[in-house]
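This report concerns only the one structure given below.
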Amino acid sequence: MTELIERAAPATEGETVELSMQQAINRALRVLLTEDPEVLVFGEDVGTLGGVFRVTDGLQKEFGEQRVFDTPLAESAIMGMAVGLAMNGWRPVPELQFDGFAYPAIDQIVNQVARMNYRTRGAAPMPITLRLPSFGGIQAPEHHGESLEALFAHTPGLKVVAPSDPSEAYSLLLQSVRSDDPVVYMEPKARYWDRRPVRLSEPTDPIGASRIVRSGRHGTLIAWGAMVHKCLQVAELAAEDGVELEVLDLRWLKPIDAAGLAASVSRTKRAVVVHEAPLTAGLGAEVATLITESCFRDLAAPVQRVTGFDVPYPAGPLEPQYLPTIDRVLLAVQRTLEY
Amino acid sequence: MPSPESTGQGTISVEHLSPELTRGFYRDMRTARDLDTEAIALQRQGVFPAYVSVRGQEAAQVGGAAALDPTRDFVFPTYREMAAALTYGVEMVGYMATHRALWHGGLYDVMDSRFGAINAVVGGPVPHAVGWAVGERLRGGDGVAMAYFGDGASSEGDVHEAMNFAGVFTAPVVFFCQNNQWALSVPNHHQVAGGSIAARAQGYGLPGVLVDGNDVGAVHTATAEAVRRAREGGGPTVIEALTYRVEPHSTSDDPGRYRNEAEADQWRERDPLLLLRTAMLEAGHADESYLARVDAEAARRAEEIRDGVANAPEPDGSELFTHVFRETTEELTRQYRTWKEEVEP
Amino acid sequence: MTANLTKDVTMRYADLAPQTSSGAVPVLLLHGFGSTFDMNWGAAGWPRVLETAGRRVIGPDLRGHGSSDKPTESELYLPEHFVSDLVALLDELGVESVDVVGYSMGARLAWALALAAPARVRRLVLGGFGPTDLLAGVGESTPGEGDGPFDQVFNTVAALPGNDPEALAACARGQAARPFTRTPHPAGIPTLLVAGAKDALAAGAEGLAADCGGTFVEIPGRDHVNAVSSRIFKQVVLDFLQD
Amino acid sequence: MAQENITFTLPDLGEGLVEATVLEWQVAVGDTIGRNDPLVEVETTKSAVVIPSPKAGRVVELHAREEQVVPVGDPLVTFAVEVEDAPQAGIVGKVPTEEAAPRRRVRLKPPTD
């Protein structure tokens, strides 16, 4: 039977289309599979089903079962296989279905993927992009709402990125997969359905660059993933009170844009970092330290952290009380203003 | 060993079983079926965020769990063991609470029930069963650990590691695989190299048994034998109960994207509950009026559990902090105060 | 589906039932040389058209073709072998009579079937087919090595994936051993000939139609390859096979 | 339900062919057709093929004339198809609902500097 295939990547660079984040990631994967015959997409349910969030929808049909395929249910083997594929010249883009199921694969990710290039003195690069649906906010079952960025960022040899909207998701995935280093690409599940006009453009900023999403002069809110959206809400509310907050989307959690943080905070003099992950040894501590190191004399107040609590990610009804709330961020801003 | 191809065909017989036993099977399978139906309805009404159905797997769960002794054995479930929990005597409002997202592990008392917390990490609890079983031997007890897992989980390293451990330590454990033929969208033939999970036992020097998972009597006989063997110090057994996930993976799943429902329809027709009902009538274990009475009781019990879970109070936000440690820390207490001041509704 | 009907050769065939049957006899579709049921008829959209009209479709891969066995002895490809394959298939399926639509070589075999088993054929459609014997002379030469019209056809189809050039050469030789003759023609069976206006391989089709008291329809602008999928072809066949 | 335009390209018709000739469109711009309805008749060097419609929808644009040679991968047809307005949840969890006006209890005092 001859079947028509939905058209792949847009022909014109910079075309703007309205897409959800799911669809934007799907578009980016199509571009990557089209431009590079060595790109392979695999994981649990990514083939026939098209992924549990439809992110890989239609890819197997379009690119065939050799390049987009389902694996048995074994996270460690998925990441271990990625290592072997990379050593045989492929560019693997594995998916681990949910954040919490990256833990069974931590040995392969930390002991193997992250350090193979180092161990082999550059002979065996690992151009692997691990796509990891991450973070909370959708009232999912246990192990489906975890924030692992600090663990990955703490692992030498891994780069870590978390997009905050569909346009970012598109260009950051292109950048991640094209990189010859292993990247953990953390997809914020709560923003998957966020639908907005997307400029399908090539990445312009280098790996590690943050971006200013909203400008302000009284303080900087620093976030990544779904918390960028929350910070934009807070900035909007703060503006009602005459407080102009800048929102900085960190994007890359490793390498972290120390210069970008310094540039913003040295101007606004106040900083609040917001993340979903628990407080202790979270990435907020790293961000606060970088700011303190570069802006100590400019700071009008200590850097504040608004984060998840040091408790296991809770079930549905308690989720809104675990995640940073608008009021908690506002209170943290107030503390910096009143210091 | 029967082959996967020859298992799961035709009718069943209960002539060789006692009427008391089959009546118990019927009561539990019927109740589980009704509760499952109620749970799907609760999901559609927005009470449950999602639900994972056990429909079609009642014989595999009830037949196995009925062979255990809840006073001395211990069950390590996955997240799709509702009918096993019910048979084993778990407090079912507390069990179903997990599906209302009231508490991830369920709200029943795990140690008192001797039924582990609901666990979403496929394969993760299987080594726990081995540990419990080794502990039971060291303690001098005669309890048996029941490790539930599915065809998908059989691909996980944890399951293989656990089987090897169990063989090495001659642990009193029953590895009970409900092979429902679908790991979300991935079918058996793409999941299980070699085609048989029971056959893997051989490599670990364990007996492996393939049984018709829709024949509650066959499941019970195989499990009772494995439990007896383990209790007497004979070590672990792998049981593969071949059945079928006739419903979607969860209420959010759309199996039309990956499977032909004609196959599922064949399994729907080979309903374990109807097979048992027919066999009981044939064997004279019950008549229509008896079964009708049980049906009515089952429906009533399912409704009670439904109402119980639907009306259960939501946990208080302070419970975020209650069970993180046995001895809490100063830092966590400080965070609790933050929650109290900045978040508490 | 497959059937092993004549002991020596296993035949794969499609048997497609319509959602709602019109009650009419099934339609037997016979593909051309070097093609298959799926390629000749399936890809060209025929099963859907016939099924929509309520017709059951029976579509074999002829011996030497597609997923059916491909012996390499030319004596296994005499037209009577094909005819007995088809009769055995109809017996196997319990089908009394059919409307036969053949294209190119399939048309030649449809003609042979109608002559050998007239009771089994209700109506006959010959597409892309004329009285000129394309295979004349194949017996002596190796197909594909010359530059005649058949050599060109042979070379094109022999290169298709799944085809066995040796079996196809044997098939050509086997049929060449029984040259086509205009007479006798199938008597008492309504016959329709259809060919593209640019189909050189079907030259003389109009005269052949007149000889056997049949109808001829020409498809404007089409040649031997692209006439098969034409809407006009499908429509005239549907009309011809109706009631 | 909203509408979205989706463009389909000429598929690889097998056998490593790189192009095909459009013989005859079986639909016209503006037609509403069902999934698997005949869409276009194309010819390769080896066979003629009717391509069924991959989607139900309204034909918005035909990208090739009849008798035009189209390379594999080039646009063939654009449909307007109905798309779900309400996003579908994934295998777990709920699609988060967006509050039109986020709720707050805290008011800020602007800095004096």
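Order of writing sets the chain letters: A, B, C and D. Residues in each chain are counted from 1.
The working rule: a residue touches a chain if its C-beta (ideal position, glycine included) is under 8 Å from a C-beta of that chain, and two chains touch if they have at least 3 such contacts.
Source: prediction; values computed, not measured.
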{"item": "Which of A-B and B-D has more C-beta pairs touching across its chains", "value": "A-B"}
{"item": "Chain closest to the assembly centre - both centres taken as Cα means", "value": "D"}
{"item": "Centre-to-centre distance between subunit B and subunit A (centres being mean Cα positions), rounded to whole Å", "value": "36"}
{"item": "Whole-Å gap between the CA centroids of subunit B and subunit D", "value": "43"}
{"item": "Cα-centroid distance, subunit B relative to subunit C, in whole angstrom", "value": "58"}
{"item": "Computed distance of Cα centres, subunit D from subunit A, in Å", "value": "28"}
{"item": "Per-residue overlap in subunit A, given as positions that touch at least 2 other chains", "value": "1-2, 52, 139-141, 144, 327, 331"}
{"item": "Junction residues of subunit D, two or more chains touched", "value": "14, 49, 52, 89-94"}
{"item": "Numbers and ranges of subunit B residues touching at least 2 other chains", "value": "49-50, 184"}
{"item": "In the complex with subunit D, residue positions of subunit C that touch it", "value": "35, 39-40, 43-45, 48, 156-157, 160-161, 225-231"}
{"item": "Touching residues on subunit D, where the partner in the complex is subunit A", "value": "6-11, 13-14, 39, 49, 51-54, 73, 75-77, 87-96, 102-111, 113"}
{"item": "Touching residues on subunit A, where the partner in the complex is subunit B", "value": "44-45, 47-50, 52, 70, 72-77, 100-101, 104, 139-144, 279-280, 309-312, 314-318, 321-322, 325, 327-328, 331"}
{"item": "Footprint of subunit B on subunit D - complex, ascending", "value": "89-94"}
{"item": "Subunit A contact footprint on subunit B (complex, rising order)", "value": "49-50, 79, 98, 100-105, 120-122, 124, 152-153, 155-158, 183-186, 190-192, 257-258, 314-315, 317, 319-321, 324, 331-332, 335, 338-339, 342-345"}
